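Take a look at the structures listed below.
Paired with chain B in one complex and with chain C in the other, chain A is shared by the two complexes that follow.
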Partner chain A sequence: MPAELKTVGKAELRKDAWDKVTGRAAYVDDLPREGVLVGAVVRSPHHHARIVAIETAAARNVPGVVAVLTAADVPGSKTFGPLVQDQPALAFDVVRHMGEPVALVIAQSKEAARHGVAAVQVTYEPLPAVHDPVAALEPDAPRVHSGGNLLTRYEISEGDVATGLAAADVVIEATFTVPRISPAYMEPESSMARWNDDGTLTVWVSSQKPFEDRHAIAGVLGLPEDAVQVCSAVIGGAFGGKEDSGLPVLAALGAWATRGTVRLINNRHESFLAHPKRHPARLHYTLGATREGELIALKAVVHLDTGAYASYGPAVGGLLTEMLAGAYRIPHVQVETNVVYTHSPFSGAMRGFGSPQAHFAIESMMDMLAHELSLDPLELRRKNALRPGDRLLTRVTLDRTAESLPLILDHLAAARARLAQKPPAPGRVAGVGIALGMQSMGLGYRVPDDSTNRLALAPDGSVLLYIGSPDLGQGLATAAEQIAAEALGLPYDAVRTVDVDTSVSPNGGVTCASRMTYLIGNSVMLAAQGLIAALLDYAARTLNVPRDALRYEAGAVITAAGERVALGEFASRAADEGVPLVAEATFSFPYPEETTPKHLPIGMPHVMLVFGGQAVRVEVDPELGTVTVTDVVAVHDVGQVVNRAGVEGQIEGAVAMGIGYALYESMRLKADGQWVDSFTEYLLPTAEDMPQIESVILEIPEASGPYGVKGVGEMGLVPTAPAIANAVFQATGVRAQAIPIAPEVIARPLGG
Partner chain B sequence: MKPITVTLTVNGQTRTITTLPNKTLLYALREDLGLTGVKDACGGEGECGACTVILDGEAVNACLVLIGQADGRSVETIEGLAQDGELHPLQCAFVETGAVQCGFCTPGAILAAKALLDRDPSPTDDAIREALSGNLCRCTGYSKMIAAVRRAAEEMSHAR
Partner chain C sequence: MQEFDFYAANTLDELLRLLAQSGGRVIAGGTDVLVQAQRGVFPASVLVDASRVRELRFIGQDGETIRIGALTTYADILASPLLRETAPALVMAAATVGAPQTRARGTLGGNIANASPAGDTLPPLLTLDATVRLVKRGGERVLPLAEVLCGPRQTCLEPGEIIHSVAFRRPSQPTGAAFLKLGNRQGMAIAVVNVAVSLPLDDDGRIAGARVALGAVAPTPVRSPRAEAVLYGQSLNDDVLERAAQAVLYDIAPITDVRGSADYRRKAAVRLTARALRLAAQQIREGAQA
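Showing the complex of A and B:
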């Protein structure tokens, strides 16, 4: 199959890149400024407090201030939220985390807005706060919500863990701690909303889910959904963090209240405090195995800090639970995952969605077990790796995708041998570590998981792709265009994506879950068939011949006589006649009977998985305890590659994020009671921190994927942090059970 | 606060603006001159490099320059990089190597790289990494950005 492909798999250049290298690309803050009011948010300085009074009169009198809005001004639902409607548009009665929006100031200039914010007087009565997910479950812990602090608990038991652990020759036990991570996309959250004369709203967003934003806005404003139009501007990165309607809702509220146009841009501090983070977690694992290294039993208790509001917390907890045992067959498993409210900025969706946390634990455990048994960590993994037909703890049966695991391990073995040859720099010690990774695709069984997309023939014979889900910067539009071009037999340049606009675009679904190229690709292939059918119908009518006398081939209609009539001729004619040549198609994520469990131990098991593994070489300065990652070999099965530079870009960017997770990043509460909330203290990897990254891309086709495509968006991050911790252990003998790995953890035991 | 009047050369053209003295070059470019290719990713705290412009030949964070400090000086922004409708080799190389994803860091990174190539036409990889080290990118992992700068340097050395 791949040999016949003309566009899929070719090194096509992203079309949006030209605007991005010239500064023309318009993100929300670049949209015209003329007549646009500025919004600014009054935020809670407390982790937890009762709101006694909000005094806005002084702020209203500030020259240039147009309106000051509080929860009392919200005309519709006071709260919103994707899974649990617990998130106030503007806080009322209490604030539950620092940075929570309390009032919204609308002004004619930034200066006036700033003065307005300063002039709003909020009287708080501070209340005790809890920031630790284990402490938050104590009976006398301060309550975040009246229903208690446990948002969700998942309990799964497969086999018999007690018997399994009793039968094991060796049992190891450890607790792992992983930090709160900011998605830290470079473009902070931003939104602009305009009240239209006809009583409707137009809202520009930097969001992964314009259709759900529309729903949230309509709910909070008490408007019908069709009175709200949401348009996607160019998006400066998202990584899951832009699955939150907070800013679009507030911008829309401002526009509604002032009957004007309002722009609202978070600064970096606000982005840290008031937008979703990766869940910090504590994971306690007990793993039993035979002397030969066969895994028998795993018991795990996990506490996830979901912060003050639910966001996607319940779903993250679910997926973490599914990924808990990693890519291994373990007959006896018992899991308890607690998703717990605290008075911290809320956690939500972020690239990997629970899998990176789980993998840090299980992949560290595998190396600890190997050490305990004096086995090679790689051979231990080979012995226990999942195989096709194995049943996961979710009772999902693995399909052929697990065939990639032995291949991945072969590549890792070769990479490890090669990297181990490199001598360390003077004064340094070196080590090579490996880790495997597993990531699901799609939203999970029984969760609506559809994507609708549309192809339309333009009068000039080119094809417009009305994509129903925004491109976040990862290159989704390019992949979709390549697939559309392939399906229509057209050159890549003949297909152009139209940005998402809820008033014209079909609903493609939220851009998330490593599923978009797969999902949109399938939907676009179906739409291509529809478009060809519509074209042939029209051509038959126009040429006055029977429909089955015609066929379509690579941009032309072929008549019975073998004559080729270019698509463009019909396109311009149909346009003149006002006949639309359009096709729309919906693809729904498949849940095959053979792999989907009949009885569900967990709400929404994922049945499609992707696998990968990474070998990492580090050098450690034993005196300072500093770790430098010098090399990463990233082996990932992505199915058919649509665009190699795009796939590599996903892997390289994810590896960078994994390095940050392992070594630098943590949004922690400081001794002074303030959060780390700026790039001064929250360190992201820079160009100087990055190793050589070699991507080994396996293309084992997925039968249900468009041209064999799987997914790659999240996977590249999953093995990186544990592989680094394992490499540090190889180099130093120090096992880091908490990330980011603190230099003093390494330096001290080494006597530096 | 009284507005001040500042005259500076922007992409070869003399521009005069009257604005408040506490305004940074970043926001003067974005708001007063409409040059929105220069970005703010850290809240104007000098930590992200998204606001990089070339000031008298040197890459600087425009968020750390008060507009008054730019008086009489010469600024290059991403909008001025193309010459006579032809893109700078760095711009082409960024597109062609796949160094652009979301693009929010791209103008700043290209300008940081241009300042490097202007003074060192054939930089080592380490020099490229160092020149880009102030430009945060969350999407690409930098590999392709570094490759793009290398490629542009080669391209320009052939053209010379």
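Showing the complex of A and C:
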């Protein structure tokens, strides 16, 4: 790490901040309205049904309705999907979940579109549905797809679990249940598509993956990819839920069919039903240890409800499997993860990508084991925490990042001692719980994991950053600008990001997996070297001096005589001459041979891990069972901080999400057969529910990271829910094995 | 979102005329109507906006009677010194409704008209023996609140009839009153159970006519005559208060729904009632010391 950083690590203001707080930022809904048609989707009211007939004539006759489209109107591939092409653009033959798109109405106004939707008559023959991932694997369970309900199964066995459990002094066993979670971003899914006179399409998206959207749109419309231009609008949050091309595909279909411009925006009810959510899961754990608390053996069997379509389910199952043993060394491990189709709205990517589910189980088990052995839960963790050089259950060898674990535990010990001093409010009981967390960075070995980004010198001497992956609102562009400015020795204000547009931007990959600052940062640093080289080449030609007589320093070319010529002079001259001063670079996520063996028990193991831990104080009303989180101390190793406010924002937002996971949120099926699909019943934590959050940010540099950067996007929520459950146990002696924790599970019996 | 024909009234007369002519329903703050309309379940296709009718937004005193206009917002209730003095449980309830935005728009009349079993202002109004003045073209009537609420989301309002105002008598004796609510989170919570109590003391320091009312434990907010009977004529002591709280179980019939089970609601109703009674008793003791 260079001794003195000028921009990286500084609290630079986000350039999108003013536009966002003053309402000027252009989300898809803010794009021009004139002549824009409105799309509305007819959705399945059934969990599972055969489509007998779709009658569209009446809807076509509704004044203002321009087109009514069904699967029969899809010109290209009827289905799409990132890993398995099983998701219909519009349902045909059957519907597999409530809310599935069946027909698309395009109209001149919202009202006409709504009337059109009401006038589409779909005749269904309801079929039996299954919503439980265990029941769905029974031989006589209703089938979601013809190939059976098991989408993917992962099995890993290391050592000999039976022998390990037999040798253990103590064996504990428990089943954990975690809920279906909506990303609940402020901006629901939205897209606008325009048919151009030259036979191409321009599609604006609120998406984590414009390049993959382009691929899906081209496939469904039977167009070559270069006939589809996808542009990123300002994005109001994503969290994994915007790794789905469903809405862009429908907007594009509408524009293609009408030769017009069509905007499609999900309402919140549609967002709940028809976009990816965190997988609900059941996790059965058996953990054996010595009397002294040394972990010997772990057996885990997991069932993940992936819903009706695969989305990223297989990959989530893979990462969850990697995380099942948490941040601990366990010699004998046998794990099995089943990713199962059901007739529920589909699950997919969501912040943490399987890690939060696994950690709720393993981190609860660690406290249960500590209780069983009368050991301190923190010391139990210290005794078993991973160390550099340990081999994970994926057979990946852990590198130096595990050095952070003892430090994290030290901070947690201090935080716990401090929080334990606070007396509870009258009538309440208090408890402090801790949990560790581990999160991968990157997509995983053997998955293409590249990012290409471009720097271009503008005529005014400023630098344009053609970012290859969208900023979701987390501040990715700001971090990339800071790194570019640092690498070029320029002030932060001299670098400006150009939003992703597939016709001009390089492909930076999907914004996901806690990897963007690391990946883009590295790529931008390489591009900065390229840009400096291009500039010096041009300067040498222009000044007619040998190239090696010139050097670059902080925004200027220095001649042999020591004369400084400002970057801007060359920039404007090159622009006049039509000489582009541009550099593009690709950085590929490293999978070094020394840590990543050739033969692996799982398809795509991750080799770079980040660690964190949280201490949580709760107060519980023992009579009513209500839990209030009063304090969270979040300790995370993020590597070099690029922007502290950004890092703290990621951690605090993640903790809020973790509190919702632990105490409030669950998209479940109600007694009337309807899903919880509104914020009236799906409770998010409000400002009044938020505790004091203290972020303790460790900056242990990552050698392969730009200026030592690691990642922070996901892990902030990984330890939160189990730390809360552990704190509730400390306060009440009641162990919650299901989240969100129901007050009635905690409440004392009547008269007690 | 449902579609509506929409009328806006500027005066009470106009409101009554528009309602009679259109057969529509009143919208005031919209905090309930819009939520239902969003789901397409609001039982009307014509809305008449009452929010400009200033004559229905007041808090006033008429001798020993306190009157609150139907368009009085929760925020108005919170800001009223008169209500803080005469109806502290109502003020406590108003403070727990929704978020600041909801409290700035939502109205007392709306809370009654919505007739949710969980409506937060309803138990306090029951403990005040509040009456509701209903007005329509060419007539008006005054009914006890309990008679206005006839089922979950059902009132006895006739077509064209509106809630004009609510009235109750200023307590004539030293009275402790409290409202408590159990929600599933701190902010913007719908009650799993809510409770209001009022404990007037007679000259001998005995409980005169206590009132205990609960919400979200029956098809409408209900009083608990059994609990009130336990309290009647007793002196303030924790044993009596606890027995009264246990007695609410005879007067409630909670259901299991997405917010909580029937069993949990029974348990919570007893505990919340006990706490509300202790809080009210403490108020009286502090009042006596002051």
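As a convention for this text, the second predicted complex is superposed on the first by the 744 of 752 C-alpha atoms of A that agree within 3 Å, B and C clash if a C-alpha of one lies under 4 Å from a C-alpha of the other, contacts with A are read in each partner's own complex, and residues count from 1 in each chain.
Convention: a residue touches a chain if its C-beta (ideal position, glycine included) is under 8 Å from a C-beta of that chain, and two chains touch if they have at least 3 such contacts.
The structure displayed is predicted, hence computed values, not measured ones.
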> Which partner does A:Glu744 contact after superposing on A: first (chain B), second (chain C), both, neither?
Replying inline: second
>> With both complexes overlaid on chain A, does A:Lys670 touch chain B (first), chain C (second), both or neither?
In response: second
> Once the shared chain is lined up, is A:Thr680 touching chain B (first), chain C (second), both, or neither of them?
Replying inline: both
>> On the A-aligned overlay, A:Thr452 touches which partner chain: chain B = first, chain C = second, or both, or neither?
In response: neither
> What is the contact status of A:Ala26 with respect to chain B (first) and chain C (second): first, second, both, or neither?
Replying inline: first
> Of chain B and chain C, which one touches more of chain A's residues?
Replying inline: B
>> Output check: A:Glu688 vs chain B and chain C. Expected answer is one of first, second, both, neither. What do you get?
In response: both
>> Quick one: is A:Gly649 in contact with chain B, with chain C, with both, or with neither? Answer first, second, both or neither.
In response: first
> Touching A:Asp16, do we find chain B (first), chain C (second), both, or neither?
Replying inline: first
> Which chain A residues come up in both lists, the one for chain B and the one for chain C?
Replying inline: 111, 269, 678, 680, 685-688
>> Which stretch or stretches of chain B touch chain A in the complex?
In response: 20, 30-31, 35-43, 45, 47-48, 50, 77-79, 81-82, 87, 90-92, 94-98, 100-107, 110, 128-130, 132-146
> Mind pulling up the chain A residues that touch chain B in the complex?
Replying inline: 13-14, 16-27, 29-30, 33, 111, 183-188, 234-237, 239, 267-269, 472-475, 645-646, 648-649, 651-657, 678-680, 684-688, 690, 693
> Which positions of chain A touch chain C when the two form their complex?
Replying inline: 111, 114, 269, 623-626, 628, 663-664, 670-671, 676, 678, 680-681, 683, 685-689, 743-744, 747, 749-750
> For chain C, which residues count as touching chain A in their complex?
Replying inline: 1, 3, 35, 38-39, 99, 182, 184-190, 256-261, 263-264, 266-268, 270-272
